[in-house]
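Note sheet for the following structure.
Per-chain residue numbering starts at 1, and chain names A, B, C and D are given in the order in which the chains are listed.
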Amino acid sequence: MTDFLNYLVLGLTRGSMYALIALGYTLVYGVLQLINFAHSEVFMSGAFGSYLIVGMFVHDGQHLAWWQVTLVMFLGLLSGALVGAAVAWGLERVAYRPLRRRGAPKLAFLISAIGMSFFLSQLAGKLFNRLSQNQFPSYFDQNKAVFTIPGSGATVSRIQLIVIVSAVIMMVFLDRLVSGTKLGRSIRGVAEDAPTAALMGIDIDKTISRTFIIGGALGGAAGFLFGTTFVFSNIMGFIPGVKAFAAAVLGGIGNIRGAMIGGLLLGVVENLVPTFPWNGSGGWIGLQWTDVVAFVVLVLVLVFRPTGILGERLGRAA
Amino acid sequence: MRTRTLVNVAAMSAVGALALTACSNSTGGGGLSSSAGGGGGGTTYTVAFEGPLSGDNAQLGINEVNGVQLAIDQANAKKDLGFTVKLLKADDGGDASKAPAAAAQVLQDATVMGVVGPSFSGASKAVGKIYGAANLTIVNPSASNGTLQTLGFPTWHRVVPNDYAEGPAVADWMAKKFKKVFVVNDLSDYGAGVAGAVEKELKAKGVTVQTAGVDAKTTDYGAISQTVKQSGAQAMFYGGYDAQGALFAKALTAVGFPGARVAGNGVKSSVFTTGAGAAGNGWYFSCGCQDATVAPSAKDFTAAYTAKFNTPPSTYSPEAFDATNILLAAIKAAKAAGTVDRKSVNDQVSKTDFAGITGQIKFGPDGDLPAGTGTVNLYTQKDGKIISLGDVSKAS
Amino acid sequence: MSAVIAEPTAPDTAQRDVVFDVRNITLRFGGVTSINDVSLQMYRDEILAVIGPNGAGKTSLFNSLTGVYTPQEGTITLAGRPGDAPRSVIGEKTHVINHMGVARTFQNIRLFPALTALENVKVGVETRMKAGPLSAMLGLPYQRREERESTERAYELLTLVGLRSRANELAGSLAYGEQRRLEIARALGTNPGVILLDEPAAGTNPAEKRDLADLIRLVNREHNISVLLIEHDMKLVMSVADRLVVLNFGSKIAEGLPEEIQKNPAVIAAYLGTSAEEAAGEVETQPELHTIADDTANMTSLDDAGATTQEETP
Amino acid sequence: MSASVQRRPGESILSNPLVGRALGCLALSFVLALMIGKQEGTQQDFGLAFRQAVLGPRILWFLLIGVLVFVLLTFWPRVQPYLNRPGIRPLAVGGLTVVVAYALLKWTDSTAVSDGKFGTLSDAASQTGTLAPLARTFFTAPLPWVLFLVAFAVGAAAVVIRRAVLSWVGAAIAVLAGVWAWYSHSLVQSLLGSPDHSTGALVALLGFLTIAAACAATALSAEESANTRGFINGVFAWRPGMPLVGVALLLGLAGFAIATWFSPGNRNATLVDTASMFSTTGLSPLSKAYLGWLGYVLFALSLALAAYAAYRRDARLGWGAAGLGLVSLVLNLVALHDISAVGASTAYDGATGAWQNLGTGGWLACATFLLLAGAGYIVATAGSERGTIARTKADIAAGIGKIPGKSKALILFVLAGALFYPPMATPFWQKVLVSEIGIYVLLAIGLNVVVGWAGLLDLGFIAFYAIGSYTTAYFVGALPIQPPEWMRLSPLLCIPIAIIICLIAGVSLGAPTLRLRGDYLAIVTLGFGEIIRIVAVNNPGNFTNGPRGAFGIPQPEIHLGPIHIDWGQASLQYWYLLLVIVGLVILAFNRLEQSRLGRAWAAIREDEVAAQATGVNTTRVKLLAFAIGASTSGVAGVFFASQIGYINPDNFVLNNSILVVAYVVFGGMGSLPGAMAGAAVLTWLPEFLKDQVPAEDRQMWIGAVILLMMIFRPAGLIPAKRRAAELHGLDEPSSAETTAVAANEGMGATK
């Protein structure tokens, strides 16, 4: 039981990050019906951007008080979100809008996004570094257990708590944003039926731009969380990007709650299934098959529910 | 294959006679200034580096090519070679399928007298024959796969001990201390190789072994650390590289794995110590090498490297530095013996007995470091520094 | 022109060969019932029109007949070509039903715009052919013969619908009315026993409508293909249909000869959404009603856009 | 960025278009500064390179570029009218070509000149006393650039103010500069004396000649606006086959008079030299005669015959020219073989073997004869071409109808290049051709079936390539688990087996997943690709040998009666094998596209519901697309495995799948030549960029190129004819939206 819970917490931590990134895919898919392949680079730029900002205030080996840590975390999330949003905005401007103007075929968008992805990831490598494992300064003991789950020996560490809590806060915030604000309504309107939305006076370009910005902010914040928990590099985006894309599809691409559920589920599945039955044997399947497990689960879900767990439609989500 | 060795060497001398460049002041004209004068120290030879300079594995290639560059610059600055050396960088992206083109690029330059690389075993397997057919000598600084020496590449040499030499030695040591070991590898050619060798030897010694693989591109080592801890193993062996090792070290500490942590040569580097920080303390490393960070010559190397590239030497930089110096010494010897061509240089490389910063290097008939000569040493990280514990077979 | 039209004979239901036999089908989407317990028979060689206001379930009926949707209740049997044994189509895939002899057109034209007119028809013709990819890659004589045959057949059909001269134009670049006719040619290419036309006259001008009516009759009489027609243009319906079925809110509210339907108060009410008595007062403002109540009415406003000079005078 | 400035006013946050444009240009210069900036740092000086790139005086240069772009865009309406003037396009193309030749290309392969580029070479050459003064003058520092700029400026002025005198002056300067450059280069080359494959001088010459042609066009054209396409069509339509004759004339002159035929040691022997060199050897009389006089005679005869046949449009003469061209080609090849073989047998100056040490001349002559034969063939068949043929001059100028012989001529140009360029290329490029470009061209052809024709997005295509490779490895016995002795095959025999296995794999991937649409299919195929790779890594049952890969896959061989071909290590043989494979695949797929299956693919791609209603069995058709694409990929896998001799799971990473999709779309979805061109360009580009930018930055530049291509030419390099009709944008019903449309219909939401 202890082990199960430990894996579950690990899974939820990883899943929260997947979910945050998946939201970016799903939002863009909702309004454009396009996979934003460069979203992984938005995520990456969030990590680099927040590192530049956070690095100005803290340095390695500091021991900050809890409120200071909270402040730094907030700063990191904010700066990651800002940089992510800025990059996503530019991305839409450069790689999407001109193609929309020209009425490009659907795959052209995919390829321009791929081009952008190559470009951004290598530009970041050129400007900063190509080391595979940059680290944020260590200014508090991330791994100290915050609490023990009652009835078992399983613990939740500080960083796990921070990741899960901040992800949940952001997701709730997004959910409110999309369901309850004017911007949210216009996003849903464009997602449902862009021409009609335009007739209703919604500025499609602006709405798409803002959708990218929101998705980018979440992705950028996830970049900060990822970089703080693990490491960051110019090629960090690719694998989480693919997984988050899978998570978005798993939940039903275009569906906001679907992306959240898909992300969390994928993270949990990746940690729980290969290690089953959690008895110290290393698992029947084994961790080297983690990605295979993830994709097989995805395929199985899609075979039985061809539009994902919650189905499509951004508009219906809220 | 257009082998134009002789042809092009002849062409070279013709060029020298032409004195095409009397006194060019232009920048980047390494080839021009070198051909000035025609005689004396005028000849230019090229040392090629083949490895990943782009793509996901570029960092390893950059570590190595910096080592090569440093060796060449130092040699040119000393002016005692009797010839000038140039560096040719051939980028194979660490990809076996791109290696043949990189090799063709190296081979078509007739002044190339030797290759440092390819960085990876896969690329080495793809081009070993091609270089062999052209008599071009290979001094490999990093591809440690234990099968390379058996593939019959005629001009192949290696300055790092192979996985199979290192693995069993450290496994013997582990078998003395632990009864249950968890062996993790990074699913790379190197990692799977060394982990496999360790696993085999441990099992032979009657130790209970559990294994798992984690892709080297993973950043989240939570689940594997949890699994290692849960297995109740007394020790964990990691076959993989330093950067991933650092992440793994942190994750193991985070879950509170109580056992010993052991790793191969790939992990033992400053990247690991800085990356893992305190979590790296207490890790053991096996390495068939001298302690590069304490040997006096190595200290100079570290200082020069840091000064030149603004970053401390990293994985395989010292090996690449040594490999280059071996090549330069061989060209010099070939020149002293009469002819400098690819074949004579290869012959000289095979005869090498060289005191490098990673140890005394001497090649066996198969091009590998002979099993006996390289004693496998045990190291450990203590207070953020890697210190030597001496010969692993004698270590407690 | 109307002289050409054969007087619709009163159907002798007992004797005639049934093409589609629809019994008590019900189709629901979530909570919405799109078709509610509808039964109808379509007979061999007749032109049967299904009419009804927007949202009446006409297209749903078409989609049920062609396998796009599967009704939750009821049965549909089909004897596509003369002599076929009746077979259930419920749960069959669209292309299988097509092979059983059912071809259709779409309300919002669905051609393959990047293919030429000729190729569009050939796609239809070739679904009846056998040559596989290997024979195509090797260019076997058998495949070449089929290719030639399909081209010839496609040209015949293009000639039939009057598009022979535009055979090599991209379908997407044809005029609206031409696209409508091309869709019919493509459907005919599959050698159907019955053809389902979903609002073939929508968006065409009066002259095109006349041509269309002639084409429908031609297809029906000369080629012995039964026609099931959805159409809003009552003038067209009344001029070509042998029999009418009226749907409203998913239910069948009337069935019969055109002249009977025209006088049916329930039908008029359905079109106005009010009672039959009130209907008379609104006739002046509702163009569609004109065509029901008064045979000499104008076209719908959409059609006026296309009609610039011609004036409909029956 | 530049595209964003063209937005309509009032719809962006920065509603003033001028402000938006200025910011866009600023951003452009900023990004350029970053791209051309210093190389990375470490974590210690994190961001140092970033600061250095944008702070400091260098940014001013980039800002200048930004300002220039801004000015250009702002005054665009004034510039635009000139852009339609006759001559402006060739002028731009020529100018760009010269700049590329001066700035990017190699001018010599000699290792005496470090990077072989124009700048280094001219520095060296201008100071070399032994060089003829004429050449030395040319290479003196600013002169080449001054010549170019003057020619270009005069040409531009001529276009703007339209004075015939000025045009002719410009043309004269351009011709002078081009010939001077070419001549100076050849002098340097003869001085350096080593075999050379560099293209710089040739490209510069071509660029200058294009500028001259532009000037001439300005002088000669009375039109107010140019119609370049119409002009080109006119050239092809004037006399079918004549353009080929013209090009053959140029190639032949270069080949027979100037270029090297035999280059052992440091010799560069032209045809005349070669003839005298071999006059006393045991060369066969026929070859001797060929070198001495027959070659020239054949060249002159076949050229004259082809030209006359083309002029008279005489089919019988055309067949004659075709025959004569082919015979000459064969004789030429025989002579080439003989001189290299005899040269090697006498160890002449270190000559190494048959087909070795040959210069460019012989191959140029081969290309000449091929083109002449082709010209004859075109003349002979021009009358019988089908399709709507452009009849009038106006039709031709407007591009209406088919120009007889044009597509055949283009195919022949490509064929001549494919056959006779590789032997002239350096070993490096030969290797790149076979181990990267060729293989990815084959993969792109296969994926084009799936993505381009059937419209199914497959992001795991490389899996089939992997399956093909591992199949080969197994049947040749390079994997730990050996096949039974009787099943052991030579690599070429693995091709049919790989095709079958990939067919099965394609169908078994497709069957459960094909009911998924669009993007769902994409992620599932992506997953499939990863699963295959991870299986190869994890080595279940010790079948794949894990990350260690399969070593020792033998090179292909053919032993058929008296024929023995062993491909060995050399690249060229593989190239010709690959040409055969690709040629067969193109032939087959071209027929397939025109067959009922091709049309059915187009139908499901365009409108799946309508296709079903028309009786197309969509499942079967999609499965066929998957299977045919997969088996092509499998063939590529066999070729790859046996060519490299070693495979490991790293060859089959996800990134490669994505790249192949990018190649297909970059080239033009659904267009065979497009997909091939896309793959060729994007695999060539990184190797070309090797000499231009730091190796690490190549992917960044490639990303930028892909991005720009998609922005400015979203339909790809060579768009498909069928696809061209679809470019109406997102509001067009695409397959992704079909379900939604069907749902609307279902709700009876008519009108």
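Keep in mind that, in the parts below, contacts are C-beta pairs under 8 Å (C-beta built on N, C-alpha and C of every residue); 3 or more make two chains touch, one makes a residue touch a chain.
Keep in mind it's a predicted model, so treat the numbers as computed, not measured.
What chain lies closest to the overall centre, CA atoms only?
D
Where are there more C-beta contacts: C-D or A-D?
A-D
So the centre of each chain is just the mean of its C-alpha atoms; given that, what is the distance between chain C and chain D in Å?
The answer is 50 Å.
If you average the CA atoms of chain B and of chain C, how many Å lie between those two points?
Once rounded, the distance between the two centres reads 75 Å.
At what distance in angstrom does the C-alpha mean of chain C lie from that of chain A?
Their C-alpha centroids are separated by 50 Å.
Using mean CA coordinates as chain centres, what's the chain A-chain D distance in Å?
Computed value for the inter-centroid distance: 39 Å.
Give the residues of chain B touching no fewer than two other chains, as numbers and ranges.
In chain B, the residues touching two or more other chains are 58, 62, 187, 213, 215.
List, in ascending order, every residue of chain D touching at least 2 other chains.
Touching at least two other chains: 41-42, 537-538, 696-697, 699, 723, 726, 728, 732.
Who touches whom among the chains?
Every pair of chains meeting the touch criterion: A-B, A-D, B-D, C-D.
Considering the complex alone, what residue numbers of chain D touch chain B?
41-42, 44-45, 109-115, 119-120, 123-125, 127-130, 191-195, 264-266, 349-350, 352, 356-357, 426-428, 430-432, 435-436, 537-538, 546-549, 551-552, 568-571, 640, 644-648, 650-651, 687, 690, 695-699
Across the complex, what residues on chain A touch chain B?
Within the complex, chain A touches chain B at residues 3, 6-7, 10, 13-14, 125, 130-133, 135, 138, 142-143, 157, 226, 229-231, 235-236, 239, 270-271, 274-275, 278-283, 286-288, 290-291.
Quick check: in the complex, which residue numbers of chain C touch chain D?
Residue list for chain C touching chain D: 27, 29, 32, 34, 54-60, 63, 66, 68-69, 93-95, 98-99, 103-104, 106-108, 110-115, 119, 122-124, 126-129, 131-133, 136-139, 143, 146-147, 150, 168, 170, 172-173, 186-187, 189-190, 199, 202, 232, 250, 302.
Within their complex, state which residues of chain A touch chain D.
29, 32-33, 35, 37, 51-52, 55, 90, 93-95, 97-112, 114-123, 125-131, 134-135, 194-195, 203, 205-206, 209, 238, 242, 245-246, 249, 253, 288-289, 291-292, 294-296, 298-299, 302-303, 306-308
Can you list the chain B residues touching chain A in their complex?
Residues 56, 58-59, 62, 182, 187, 210-215, 217-220, 222-224, 226-227, 230-232, 243-244, 246-247, 250, 253-255, 271, 275, 277 of chain B touch chain A in their complex.
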